[in-house]
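After the C-alpha cells below, expect a handful of questions from me.
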Amino acid sequence: MTQNSPKPISRFPVPKLEELPEDVRARILAVQEKAGFVPNVFAVLARRPDEFRAFFAYHDALMVKEGGGLSKGEREMIVVATSAANDCHYCVIAHGALVRVYEKQPLLADQLATNYRKADITPRQRAMLDFAMKVALRSGEIDETDYARLREHGFSDEDGWDIASIAAFFGMSNRIANAVGMRPNDEFYLMGRVPRERR
Amino acid sequence: MTQNSPKPISRFPVPKLEELPEDVRARILAVQEKAGFVPNVFAVLARRPDEFRAFFAYHDALMVKEGGGLSKGEREMIVVATSAANDCHYCVIAHGALVRVYEKQPLLADQLATNYRKADITPRQRAMLDFAMKVALRSGEIDETDYARLREHGFSDEDGWDIASIAAFFGMSNRIANAVGMRPNDEFYLMGRVPRERR
Amino acid sequence: MTQNSPKPISRFPVPKLEELPEDVRARILAVQEKAGFVPNVFAVLARRPDEFRAFFAYHDALMVKEGGGLSKGEREMIVVATSAANDCHYCVIAHGALVRVYEKQPLLADQLATNYRKADITPRQRAMLDFAMKVALRSGEIDETDYARLREHGFSDEDGWDIASIAAFFGMSNRIANAVGMRPNDEFYLMGRVPRERR
Amino acid sequence: MTQNSPKPISRFPVPKLEELPEDVRARILAVQEKAGFVPNVFAVLARRPDEFRAFFAYHDALMVKEGGGLSKGEREMIVVATSAANDCHYCVIAHGALVRVYEKQPLLADQLATNYRKADITPRQRAMLDFAMKVALRSGEIDETDYARLREHGFSDEDGWDIASIAAFFGMSNRIANAVGMRPNDEFYLMGRVPRERR
Amino acid sequence: MTQNSPKPISRFPVPKLEELPEDVRARILAVQEKAGFVPNVFAVLARRPDEFRAFFAYHDALMVKEGGGLSKGEREMIVVATSAANDCHYCVIAHGALVRVYEKQPLLADQLATNYRKADITPRQRAMLDFAMKVALRSGEIDETDYARLREHGFSDEDGWDIASIAAFFGMSNRIANAVGMRPNDEFYLMGRVPRERR
Amino acid sequence: MTQNSPKPISRFPVPKLEELPEDVRARILAVQEKAGFVPNVFAVLARRPDEFRAFFAYHDALMVKEGGGLSKGEREMIVVATSAANDCHYCVIAHGALVRVYEKQPLLADQLATNYRKADITPRQRAMLDFAMKVALRSGEIDETDYARLREHGFSDEDGWDIASIAAFFGMSNRIANAVGMRPNDEFYLMGRVPRERR
C-alpha cells in the first residue's frame, strides 16, 4: 500500500498489500475501488488480520445495515460528535466527510465537531446525540429516563441500542486511533464540501 | 436460556437458545460446557447475531490469542481496572472473577477495582495499567513518551498495541453493558475466592 | 500486634499492643475478641492515641448508635459507595464485608463499589445514596431540595444529618487511609460471601 | 445561646445553652470567654453531644497539640486552602480569621482562599499545601514521592501525617458544614485585619 | 509609579508614569485621585498602551454605564463570583472591595468568593450569578432556557447580554492577571470592611 | 446589513447598517470590502457601539500588530485551539479559515480544532499552544516554569504576554459568542481549503 501522504499514518509499520491475507486484501481493494483511495484505518489495522476482520464486521453490522430508525447520515453524525469528545483526529475528519456526503450538508460536520448543541439539526437528532454523548462520557448514569426521552422523539428501543452501540464502537475506535497515532487521509478534509460539478 | 437470577439481565429481551443461529448457539453451549453457566454477555448480545459474532471475534483476537508479552491474567487485570473507571458492573465483576482464577490471587481483583495504584502488582504491571488507564481516560494525550515508559518495563510496541486495544475494546463493552443494563451472573462474585477443595 | 499479612499495613510504624495506653489496648482486644482478628485501622491509628480515641468515638456515635431511620446495613452502604468514589481500598473492602454481613446479601457490596446506581437497592436507599454521594463529591451545592427529596422517601431531617455525617466522616477516613497507605486485612475479602455452614 | 446574627446559623435547630450536658456547656463557655463570642460550629454541633465531643477531641488532637514541625498558623493555612477547594463558607471565613491572628499577616487568608499557589508563603509552606491539597482532592494518588517532596523541605513523616490528617479532618468538617448550612459568625470577617490599637 | 508593596506587582516590568502616553497617564492620575492609590491593573497594563486603552474602554462600557437592570454592586458581584471560579487573586480581592463599597455590605464579597450559592443574596441575584457562572464555566451549553430563567426573575434579554459580557470580560481579565502574575494592592483587602468613621 | 444565511446569526436583533454610528459603519464597510462579506461578529456586536469599538480595538492590538515573535498564522492557531476547548462555533470556524489562509495549509485548522497535540506543527508551535491552552483552561496554575519552557523554544517574555492575551481575549470572545448565539458565516467553512485557481 502506498501511503497517500509523506507523514506516517501510524506509529506502527503498515503492511504491503501483497502480504495480506486474501480476504483482507479484497476488502481493501473494494473500498479503494469505491472511494478512490484507501482510508488509512484499513491500512493501519491490516497488520492484525483477526482484529481487522472483527473491527469491520462490527462496523458493518452497525453502520451499513439496512432498516432501523437511523439514517446512514445520522449514524455518522453520532460518530462525529462523540469522536470530537474523545479528541480523535481520524474519526472526526474521516466521518465528518461522510456526514457531508450522506447529508448533502457541507457545514454540518464542522458544527457537530465543535459543539453539537448549536448544530443545524432537528430536535430529534439533538435527542439522539444527547443520548450518544451520555453513552460516550457518562454511561454509568444511563437509566430508563434516557430511553423515555428517545421514545418522545420517535426512537424505538432498538434505535436506542443502535445509538449506544455506535457511540461505544467508535469510543473503541477513537481510543485505538489515538493510541496508534492513526492519521486521516488528506482526501477526507475536502470531501463533500464542494458541489461535484465544481471539482 | 434460563436466566440464573430472578432479576432481569438486560433491559432488552433475551432470546431463547433454540431461536438462535447455529453458530451463535454452538458458541453459547461451548462456554456453558466450560464455565458451568452461560455468562450473561452471551445471552444479552445473542439477539443481534452479527454484533455477537463480531464482538466475540474481537474479544478472542485480543484475550485468547497465544504469544505476546501479556499473560492472560494481566489482560484481565487491564479489563478490571479500566472497567472500574467506566463504572461497569458487568465487566468489573465478571472479569474480576477471571483475574482471581488466572492469577490464583483471590484479593487482586477487588484491589484493582478500587484503586489499581495500591494493588499487589509488580512495577511492570503498574506501567501496563497506567498506559491502559490513559487509553481509557485521556487517549488524546498519548504520545511517544508513553510507549517509552512501556519499553523501560520490557514491553514491546506490540504489547503496547495489545494493552491499548484491550482497554479500548472493553471501553466499548463497558458502554454497551451500561446502556443495555447488563447484569453480571451471580456465579461470578464468588468465583476464585475460595480454594477449590473447600467448595 | 502481629500483622496478619506479610505486606506492610501502613507506611508508618505499627505499635506493639503492649506499648499502648490501657484504654486503646482494651478497645483493640475487644474488637479482636468479637471479629476474630484486629482490623488494621485499629492497629494503624493506635500510634496516635488521642486521634485513635476521637476517631472511634466519632465512628461509634454515627455507626453504632441505636435509633434513627437508617439500619446498620444502610449506614455501611453509605460507607462503601462514598469510599469507592474516594478510591479507598481499606474502606471499600472492610466495610464491604460489613454490608454483606449486616444485609445478608453477598452481592451488594461489589455492586455498590462499582456503580451504586445499578445496585440491588430500594428507591429509598437510592435516594439515601444520592444524598451521600452529593455530600462526598459536591457538598457546596447541597440545598433545601436535597432534604426535600429525602423526605419524599420517608427520611427525617435527622436522618439527613446522619447520612451527611457518615459520608463526611468516611470522607475523612478515606483520605487518612489513602495518605498513610492503610491496607485492609485479608480476612475482609471473603467475609459474608459464603454461608456459614459451608465454611 | 443567642445567635449573633439574625440569619439562621444552621438549617437544624440550635439548642439552648442550659439544655446541654455539663461538659459541652463548659467547653462552649470556655471558648466564649476566650474569643468573646461563641463560634457557630460549637452551637450547631452541640445538639449531638457525642458527635460534638468527638469532633472537638479530634480537632484538638490535630490543631492544639504542641510540638511537631507545623506552627499553629501553618495548620490553619492548611484549613483555609483545602476548605476553599471544598467550597465551605464556615471554614474559609472562621479559619481565615485564625490565619490572620496566628500569622499576624492580614492579607494571607484571602490569598490562600483564592489561589494558594500565588500566596505570600515560603517554598516549604507551598510544599505543605501541595500535599494537603492532594489529600483533599486526589488522595488515591498519594504515594512515596509525595512524602519525599515533603522531606526535601524539612518535613518529617510525622509532619506528613499531621498535614494529611488536618486536610482530612477539615474535609469532613467542610462537608458537614455545607450539608447542615452552617453560617460563620459575623465577627470572623474582620478579625485580624486591623491592628489591635486601631480598634 | 511607585509600587505600593515591596512585592513585585507583575512578572513584567512596570513603566514609569512619566514615560506613558498622555491619555494613559491622565487615566491613571484620575483613578489615583479618586481612589487614593493606583490599582495595580492600571500600572501593569500601561506598558502596552493600545491594550490598556481597549481594556479600560471595554471595562467602562460594561461596568460604568448608566441604565440597565443591574446595579453597579451587582455587576461587581458577578466579577467576584466568576473570578473566584477562575482562581484570580487580583480580581477577587480588588472587586471584592468594590462589592463591599457599592453594596455597603462588608460580608458579601467573602461569601461570594467562597460559594456564591450560600451568600446573602436575593433569588434574583442568585439567578444572575447562576447565569454568569454558566458563561464562565460551560458557555457552550447556554441555551434559551437560561434566558427564560433570567426573565422569570425580571431580567431583560439586554441584562442577559450584560451579565454574559461581564462574566466574559473578567474571564479575560482573570486569565491575563494570572498569566502575568498581577498582584492586588494591599489597600483593597480592608476597603469597605470597617465603617468610615472608625478608620 | 443583509444576513448571509436564512438562519439567525444571533439571538439578539441585528442592527441595520444605516442605523450605525459612522465609525462603526466604516469599519464594517472596510472589512466587507476586503473579505467580500461581513463576518457576523461585526454585525452582531454593532448593536452595542462602545463594546464594538473596544472589542475590535483590543482585537487589532493583539492580532494585527506588526513585530513580535508570533506570525499572524500562529496567532490564529492559538485562537482555533483554545476556541475548540471552549466549544465555540463562531471562533473555530471563522478563525479556522484564517489559519488556512495565512498558513496556506488547508488541513491544519481541522487538526487544531480536534486535538492540537496531533496537528502538523513544529515543536515551537506545540510549546506555544501548550501555554495558550494552560491560559485557557488552568490559568491559576501558570508559573515561572511555563515561561521557561517558552524561552527554550525561542519565545521572549513579550511573546508570552502575546500568547496569554490572545488566549484570554478569545476566551472572552468565545463566551460572548456562545451566550448570544453567534453563528459563523457560511463563507468561512470553505475558505482556504481549495486553491484559488480552482474556484
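The first chain written gets the first letter, and so on, giving A, B, C, D, E and F; residue counts start at 1 in each chain.
One rule holds in what follows: a residue touches a chain if its C-beta (ideal position, glycine included) is under 8 Å from a C-beta of that chain, and two chains touch if they have at least 3 such contacts.
Computed from a predicted model, the values in this text were never measured in an experiment.
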| item | value |
| --- | --- |
| Count of contact steps on the shortest path from chain D to chain F | 1 |
| Smallest count of steps, each to a touching chain, taking chain B to chain D | 1 |
| Chains touching both chain C and chain E | A, D |
| Fitting chain C to chain D on CA atoms, where both chains share a sequence, rotation angle to nearest 5 degrees | 180 |
| Chain A-chain F separation of Cα centroids, rounded to whole Å | 29 |
| Cα-centroid distance, chain A relative to chain B, in whole angstrom | 24 |
| Where chain A touches two or more other chains, by residue | 87-88, 115, 118, 140-141, 178 |
| Those chain pairs that satisfy the touch definition | A-B, A-C, A-E, A-F, B-C, B-D, B-F, C-D, C-E, D-E, D-F, E-F |
| Chain B-facing residues of chain D, complex | 140-141, 143 |
| Chain F residues touching chain A - in the complex, by the definition given at the top | 7, 84, 87-89, 92-93, 96, 106-107, 110-111, 113-115, 118, 120, 178, 181, 186, 189-190, 193-194, 199 |
| In the complex with chain D, residue positions of chain C that touch it | 11-12, 48, 50-51, 53-55, 57-58, 60-62, 65, 86-88, 135-136, 139-142, 144, 147, 157, 160-161, 164-165, 167-169, 171-176, 178-180 |
| Residue ranges of chain D in contact with chain F within the complex | 115, 117-118 |
